[in-house]
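Across the two complexes that follow, subunit A remains constant while its partner is subunit B and subsequently subunit C.
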Partner chain A sequence: MGLLTELKSSISRATSSLFAGSEPKRIGIYGPPNAGKTTLANRIARDWTGDAIGPESHVPHETRRARRKENVEIKRNGKSVTIDVVDTPGVTTKVDYKEFLEHDIEKDDAVRRSREATEGVAEAMHWLREDVDGVIYVLDATEDPFTQVNTMLIGIIESQDLPVLIFANKIDLEEASVQRISNAFPQHETVPLSALEGDNMDEVYDKIAEYFG
Partner chain B sequence: MPEITTDDDGEGLGDGIQIDMISAERMQDMRTMEKIRLILDGVHDGNIVILEEGLEPEEESKLIEVTMSEINPDGFTGIEIETYPGGDSGDSGFLGRLMGKDEPNKLTVIGPANRIETLHKDETLISTLITRT
Partner chain C sequence: MPHQCTGCGHTFADGSKEMLSGCPECGGNKFQFHPEGEPVPENPEETPSTEEPPESPETPDSSVAETVGRATTKVRDFVSTRPDAPKDSPDPNAEWPSETGASSSETENPSTAESDGEIIDADARRKQREADDEDHAQASARSDVVSSNELPESERAGDSDDGDVGGLADVEPESGGRVVSEPSDEDPDLTELREQLNDQFESIKIVEPGQYELNLMELYDREEYIIALQENGRYVIQVPEQWMGDEPGDR
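Coming up: the complex of A and B.
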């Protein structure tokens, strides 16, 4: 990016931030497939609005469209922070419909799901470039964080100068390692949690208020 | 500048696997979509593409988007791409870039998802398995 473009972009961000007033920040929940993004989005939405955002599943790419829950008001330490939660499809560089067949899905349905998944990933990338004010990056703490998708996504988020929190999800599982994620991305704060069990959600909400308030 | 070519059947030479090593110099004057087409055209032909200097984050984002649009059920299933993880980039925000502290892009390997498999990856080593089919 050229210096002038960079300067223009920074001034634009600063100006929009100054005049944003109490506009809710759009916080995108990003991460690879099956990290628990929708489970987290539902947990946040249920805790503060009583409604869910979308269906959760162990089948990858269950979320194939970005879904938004608006005006989620999170109250912390006497203050309140209002955000729009955007649950995005898991980002990947490859989609093979045959993976769906392993989950007892018929071929026609698998092909349709794979096509929708590719559209969903493209949509998620577009949201990241254009339409979010901050990012919660969700990782499965039982998995190796040194993947290309994680490296690229964190790089893209950093290049946009977006505030980012890394959530090490699934700490209720025995093989989870929060330290491995902290080591992989030492430049960002890592918050451990289990979105499924609701473990450590107090710290999660403290950090959301601190970073995105 | 000569074009990168492959043999007639687009499957590399004989039983081998074609590897295109593209210099930073070749990429430096290209627009984003020209880079993406250069990469994806090679990958569609079954080649492994190695970039001396990787893509900018915005270009990587576009590469993912274009790749997704070209996936089809009975053919192209996407790409495998590997580059080294970034280091501590705490100073690479706007001021960091203004002061010229941007990290140089790193060597990047890209191939068809059904032909390249990452065996191991950490901050200093990428180990991949490349197969013919």
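Coming up: the complex of A and C.
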């Protein structure tokens, strides 16, 4: 028994040292609610693994638990980058069940969703502290990027010295302004895209490989 | 001389009520409290700047720390509806409610109007803050400490004669001095304020079932992880492993 345990541990040591150099980085997809984080996560996961990560919805806070897709291998220019994609709940400072009522959700359900969404934000903040190696910060390019939540999250990410890419999503919409986002965060690279339409995904993957490879 | 006018530097004795109707020297109504044994600075203007949060503009564009500091301040501002509320401190030498109002707003900028630190320079921010302080100090002086029915005489006296106010403290030591000098006097208003302040620094505030306010910085800062909220306002938390000793293999 002792011999077996020893053997087992020596094997696991060997395998871990074998893969130590190429351990996939855990990339958190962060941003305010309804920025398109899950749509992006699904796009990335479908493009490279064939599976989706979670359901997308127009209802805010659809993602109320962080979801992870491991070992997403992205191939760029003959090289390959393996990452774990973590789709996180939208971060906000206020959650109110009333906003769910507008989406034809019954009050009881809305209150429950609201509680879960709040737990989700707590979870997202916890992941940010403990468990991510890099961040894709997704913003809806039709919305004003100058918000308290954005400023604070970017500040936290910077304080952690995490590599971060800012994605200006929803460029398929007429009101989208990528410039407004790059002006808001000039210290970071802003990549325009439409996760829904799949616009500019080549650049998206180039940048992911460059930043998180 | 525990009180000092932040305008002209004029100092007042502990318990003095001269300042209740404004500084006799310059008419200023913002005072800094210096506990006994602490030196009173010569230049009153220096006091606020040393109490600035770490976001003070020494390295304007360097830093992350600054960004986060700013962010923290913003969160606190955002959550805080009463920045002039007194701190919950049992220390008898602690600042008095009115002074706390004036000085704590130095560190907790009550302005929520600033939406983006990047485009507001530090000087503008400080001016804005001072302007706000003025308002809060006035408001807190009016509402929290000196109720008008308690101090009608001394107020009138103070207004009528600036030069003679030095004697007033001796004439009426009771009514005026008492109001400001007994912070331990637990009126219900104060207790309520205290509770409010405590609430504001929680990670998650339950406004009512289904309505939550989140203090993101607190959520980020705390080691334990909130995994479930309960209707009664309690959290279920996951305690970090190191608090429980070594649990090999689990992580």
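Everything that follows uses one rule, which is that the second predicted complex is superposed on the first by the 193 of 213 C-alpha atoms of A that agree within 3 Å, B and C clash if a C-alpha of one lies under 4 Å from a C-alpha of the other, contacts with A are read in each partner's own complex, and residues count from 1 in each chain.
In this text, a residue touches a chain if its C-beta (ideal position, glycine included) is under 8 Å from a C-beta of that chain, and two chains touch if they have at least 3 such contacts.
Computed from a predicted model, the values in this text were never measured in an experiment.
When both complexes are overlaid on subunit A, subunit B and subunit C end up clashing with each other. By the document's definition of touching, neither partner reaches A:Leu162: not subunit B, not subunit C. In the overlay built on the shared chain, the residue A:Ala184 is in contact with subunit B and with subunit C. Contact with neither subunit B nor subunit C is seen for A:Val59 once the two complexes are overlaid on the shared chain.
Contacts of A:Leu196 after superposition: neither subunit B nor subunit C is touched. Once the two complexes are overlaid on the shared chain, A:Ala209 sits clear of subunit B and of subunit C alike. The intersection of subunit A residues touching subunit B with those touching subunit C, taken from the two complexes, comprises 91-97, 111, 114-115, 118-119, 121-122, 125-126, 128-129, 146-148, 151-152, 154-156, 158-159, 161, 184. Those residues of subunit B lying in contact with subunit A across their complex are 56-58, 60-62, 64-65, 67-69, 71, 73, 77-86, 88-90, 92-94, 97-98, 113-114, 118, 121-123. Contact residues of subunit C toward subunit A in the complex are 64-65, 67-68, 70-72, 74-75, 78-79, 115-118, 203-204, 209-217, 219-221, 225-229.
Subunit A meets subunit C in the complex at residues 91-98, 107, 110-111, 114-115, 118-119, 121-123, 125-126, 128-129, 146-149, 151-156, 158-159, 161, 184. On the subunit A side of its complex with subunit B, the touching residues are 1, 3, 6, 10, 91-97, 111, 114-115, 118-119, 121-122, 125-126, 128-129, 146-148, 151-152, 154-156, 158-161, 184, 186-187.
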